[in-house]
């Protein structure tokens, strides 16, 4: 290391040694966690840490962009899609393709070894450092902008086109062709009236049986006949099996709904 | 501390990302692996920019980010479309190319 | 002569135009088409007459004229003109074809009166006349071949004339095909002969080829045909002649060819087309003379066919088939004569001429009988017809006497000449004169037997053996006038042309002058012996079929009779010796093509798909497998690159 | 001077573009297209104008120098690899161009109702036919080996779609693939030879920017072994194209499954590229190797003659039968070419034309017959006794059949007899013997033609076929020119022989370069 060029401060060293292991751990989380949401969280951590390292490495602009683009946009997109696909859909980690796990691990390790040894054996020139390299220079964002809109302006424009194209592409890809006529308020109302004989309720559903004991959103209301009204509990709670029986009704007046029926 | 530690970290992250691509079956997680690999290269770029005192590395990292953003948009759109038709986000279920 | 030579093309032209008009004119020509046909044939005959009279008036040495029309094909050293050779030989044929042809045309007008396709019939007849005249007038082998196949086509069309709409339609069609195919087998010989001529002489014109064989120095010195080549050409030509003239071993088609309408049998399968083989032999005389071996084979073929036809003729009950067998036998005589060299050529052609008349007359007479008997052809169902069909009876009687060779009827003059020529000794082979002479006499005896049998089974007998509902009567004058003409010809033609050697002298410019040789027996002895055996044969037949009753059903007969009825097993022999092996080969080829060639090529795609199946397993369809492959590949490349560069290169 | 050949090549391309344009991008069922019903008349018009162009080309052609490649034009195409756009025809090429140009309108007319009424399908069909015409004309004109190769392969594209997409048989797709695979296989071997030829020629001192031009390549000494290898490469491709035993397997399948019009174009014109290539590329470029291979080629040719004829006799399918007869006839053509006599070569050249007319007539008439059958059956035994029902059809079939069996008076006879007589005196060892062995082919031809005629047209009419319609006016217009052509060329073959004679002399002289004594004798006997 050439101290004349670049001196890495102790603070940075500490920062690195704190963040780097955490980053590796979080990245490994990508491999081992079961739920995709957790994996996304791990990745968010890696990316934010990356932003920190960028800033530490004299790239404040990139650090900010990293936070804005990656954690702010890309990862949000991931989460949206995750929610679309199903947040709680957990991924089984058992391997279905024969030998894939070992092949994958072998390749991963191999990559690490090859890359690591390349880095280890490579002879780097003395580090210069950005300020050292540009003594009378301006601050990082301005310098970067000069290069970006000077030497690379055509590439910049091309990338702009690419982004637009990608946006349009995403629109086209996710566009669903309308197979049925568009529903307006009128037709929805008509359809509901028409479905009346099938047991559709026109009026608002009954609200859950709110009892002072808890916030009680999970407790079904009681009908005029003393029966519990299952629809009064949110569907999500019902599916999760988190609804509770209405406690205050005397046992002889209650028709207890078995667990299985409630789930259905 | 040696500046090459950053490069080693980048290499490690890249390898982990690649392994993720190879081992995970959830398309979204696979995609995250790809993002991790891209980030790892970006770290290397930034590090080398600093090492050489040349901002071009940072510019390149910037472009990688932009392209990655575009790629994510399209990639996720594809995943969503596939999920819509097949009700699955597992990459193993999409094997129509089987010979 | 040269002032009328321009008419010569019209000999062929008239009937050809007639055929074209009738074929292309469609139904519009139905009403008058048959008369157009007659007219075309007659016009050709008139032209023939004019040419012949002018030729008679020409000095003998100028009687061979090659009339060039236009160059037909000229390429790669082969030049063939569309040219006409007029000489006594071709004119003899022209007269025979047009005269007999016209008579038969006239006869057919009445005979085919009720046929809805009479126009087409006349178109084919005209086509035949045109082709036959092309054959005899050609000045090169190639043009001769055009006519040769042309008559084959006409024969095919006419044998199969009734190939739909009758119960026997399919058999007629098969007979037509059989005739054409067997003719084609013969044609191979003509093609091969032409190939040999071209490679030896560089031409297929009579004027180039024949002198080259004779070695008279008129052809290019290097192009003289050796004896071996001449033998090969001669045998090839003989093959062609055998096919066309129904000579052994290609004789089997003639009997079946009787499926055609009777005028066709008279014109094509008796008087003219079948004798084309004899014409070819006589025309190619110089080649045969240069090849004694080929000559001997010709004589043998003639002798065998002569006896073959005669034996078959004794057993046939179908009047047309009996006559067909007789035709075959008589052409055997001509072929035998043609193989005897210059001494026999004139008599071969003479017999051909007289035979053309009397056999056409006999066939037309048979047609007349059939016409009267509702198309019955079985002679066992005839008998006693002389009272009902007097004209037919008399004219057929003249033809009968002519074919028997009873003096002074025409057959005597020609056939006797052949028998005498057969007895002329050949140097170094004394057995030949005796063997072939005896065969010729024997043939005459058998001829007498079967023709007498035919005649008396039809007209004689005390008791008719008709099927029910027969009311025989003479046909219209259109039918019996031709019979009369032919009957007169049968009676008188031989004497007119034979006494004093008129005909022999007429043909001399073509066939050359025969050196006079004495037969091994004195001529009067030969004539006497021949007449005696002929009368004996006739008497035997008279006793069996006129005096005794003829059974209506054919008796079982001896082994020989049964064999003769079945044409001496010719069809069975062909079937066993040619058709079955050929079919076997064809099956073999077919199976070979499917199972060896086709399947053999199929191995290639199979191999490809086998490899594909092996490598397909790598394509699991799992994107992660592909990714693993890619990453592994990158790893390997990186490792290799690093090892090579990093370890091998300077650090 | 007006570029006749280029015009002849370009015009059908224009036609294909104009007619075929409407067919792109529309679904098969889409019917709402502008100009409904125009496809066929428009294509016919284009093909007829092409005939007019052909007449112009004939007028501009000097028959006195029929051995020269006339109407020639050469432009650099890809100078980097020495490929040029070079066209030019000698007499043989011109006749084959004429064959292609004349047959196309007849095929269009014959197929008038064959492909249904769907306009888009019709546009595709006629567009492909015109495209094929352009390629076929071009390949006969090509004077650049590379251009020839490209066109040789390009022809496969329309042919493939015509067989597979517009055929009649159930196995048309397999037949199309088989055709494509065989042709491509041969073409690739040829490509290897083409590349080798280029490099060897450049090595021998030919200007690299012109090293694909045939005229530059003739007479270049390439070394005996290399020449033989390249000869084999070219020859295999041509033998597959001109179906020669044992690489003929694709032909009967195609004939049995393609529509008769396609078969006509394919077998009567496109396959001639094989024999044409042997005559105009193999012999001049590799004379020594041609002599070396001749005995073997002759043997195969004669085997083809007999094999094709025997297989034709054994067929039960009418169209396959016609296909097999072509194997037999191509055998004759190859026999004439590889015996190196002026007469045989001229006969073969003439036969290429005649076979197109005769077999074309037979294919089309057979197609008319099949189209009349209620079930479109191609089985011969499904027909009987049709002469009384459809007399004109029967007559036309018979004439076409007689042309196939080379009846004198028809053009086919002249060419066949020229081949046989010429081949008999050929220079290669065994010519005479093999020629004699080929002669039975004429008997077998009689058998397969007459047997078929007998089965289909004689006897009592088959049930259900008693009132089939006879040939309609449109169909007579198709058959009449072919029959007339056969008759006229049979009676006055000189009309065509003036075009083939000189090239044949030249070709024979090229291959006879080592035997001046023989050539002199040949010249002597010409007198």
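The letters A, B, C and D name the chains in turn, as written, and every chain counts its residues from 1.
We adopt the following convention: contacts are C-beta pairs under 8 Å (C-beta built on N, C-alpha and C of every residue); 3 or more make two chains touch, one makes a residue touch a chain.
This structure is a prediction, so every number in the text was calculated from the model and none was measured.
A.B. asks: Relative to the centroid of every protein C-alpha atom displayed, which chain's own C-alpha centroid is closest?
C.D. replies: Chain D is the most central one.
A.B. asks: So which one's got more C-beta contacts, A-B or A-C?
C.D. replies: A-B
A.B. asks: Between chain A and chain B, what is the separation of their C-alpha centroids in Å?
C.D. replies: That gives a centre separation of 15 Å.
A.B. asks: Rounded to the nearest whole Å, what is the centre-to-centre distance of chain A and chain C, using the mean of the C-alpha atoms as each centre?
C.D. replies: One centre to the other, that is 100 Å.
A.B. asks: How far is the middle of chain C from the middle of chain D, if each middle is the mean of its Cα atoms, in Å?
C.D. replies: Between these chains, centre-to-centre, one finds 36 Å.
A.B. asks: Rounded to the nearest whole Å, what is the centre-to-centre distance of chain B and chain D, using the mean of the C-alpha atoms as each centre?
C.D. replies: For chain B versus chain D, the centre distance works out to 60 Å.
A.B. asks: Touching at least two other chains at once: which residues of chain D meet that condition?
C.D. replies: In chain D, no residue touches two or more other chains.
A.B. asks: On chain C, where are the residues touching two or more other chains?
C.D. replies: Residues 620, 622, 624, 628, 631 of chain C touch two or more partner chains.
A.B. asks: Where in chain B do residues touch two or more of the other chains?
C.D. replies: 18, 22-23, 25, 92 - these are the residues of chain B that touch more than one other chain.
A.B. asks: Considering only which chains touch which, label the overall pattern as line, ring, star, complete or other.
C.D. replies: Graph shape here is other: it fits none of the named patterns.
A.B. asks: Enumerate the contact residues on chain C facing chain B in the complex.
C.D. replies: Touch residues, chain C against chain B: 615-624, 627-628, 631.
A.B. asks: Help me check something: in the complex, which residues belonging to chain C touch chain D?
C.D. replies: Going through chain C, the ones touching chain D are 70-78, 142, 145-150, 153, 156, 160, 163-165, 169-170, 172-174, 176-177, 180-181, 184-185, 187-188, 191-192, 194-196, 198-199, 201-202, 204, 220, 222-223, 585-587, 589-590, 593, 597-598, 600-601, 605.
A.B. asks: Where on chain B is chain A touching in the complex?
C.D. replies: The contact residues of chain B facing chain A are 1-9, 11-20, 22-26, 28-29, 31-33, 35-36, 39, 42-43, 46-47, 49-56, 58-59, 61-63, 65-74, 76-81, 83-84, 89-90, 92.
A.B. asks: Which of the residues in chain C come into contact with chain A in the complex?
C.D. replies: The touching residues are 620, 622, 624-625, 628, 631-632, 635, 638-639, 642, 646, 651.
A.B. asks: If you look only at chain A, which of its residues touch chain B in the complex?
C.D. replies: Residues of chain A touching chain B: 1, 5-6, 8, 12-13, 16-17, 20, 23-24, 27-28, 30-31, 36, 39-40, 43, 46-47, 50, 53-54, 57-59, 61-62, 65-66, 69-70, 73-74, 77-78, 81-82, 84-85, 89, 91-92, 95-97, 100-101, 103-105, 107-109, 111-112, 115-116, 118-120, 124-125, 127-130, 132-134, 143-144, 147-148, 151-152, 155, 159, 162-163, 165-167, 169-171, 173-174, 176.
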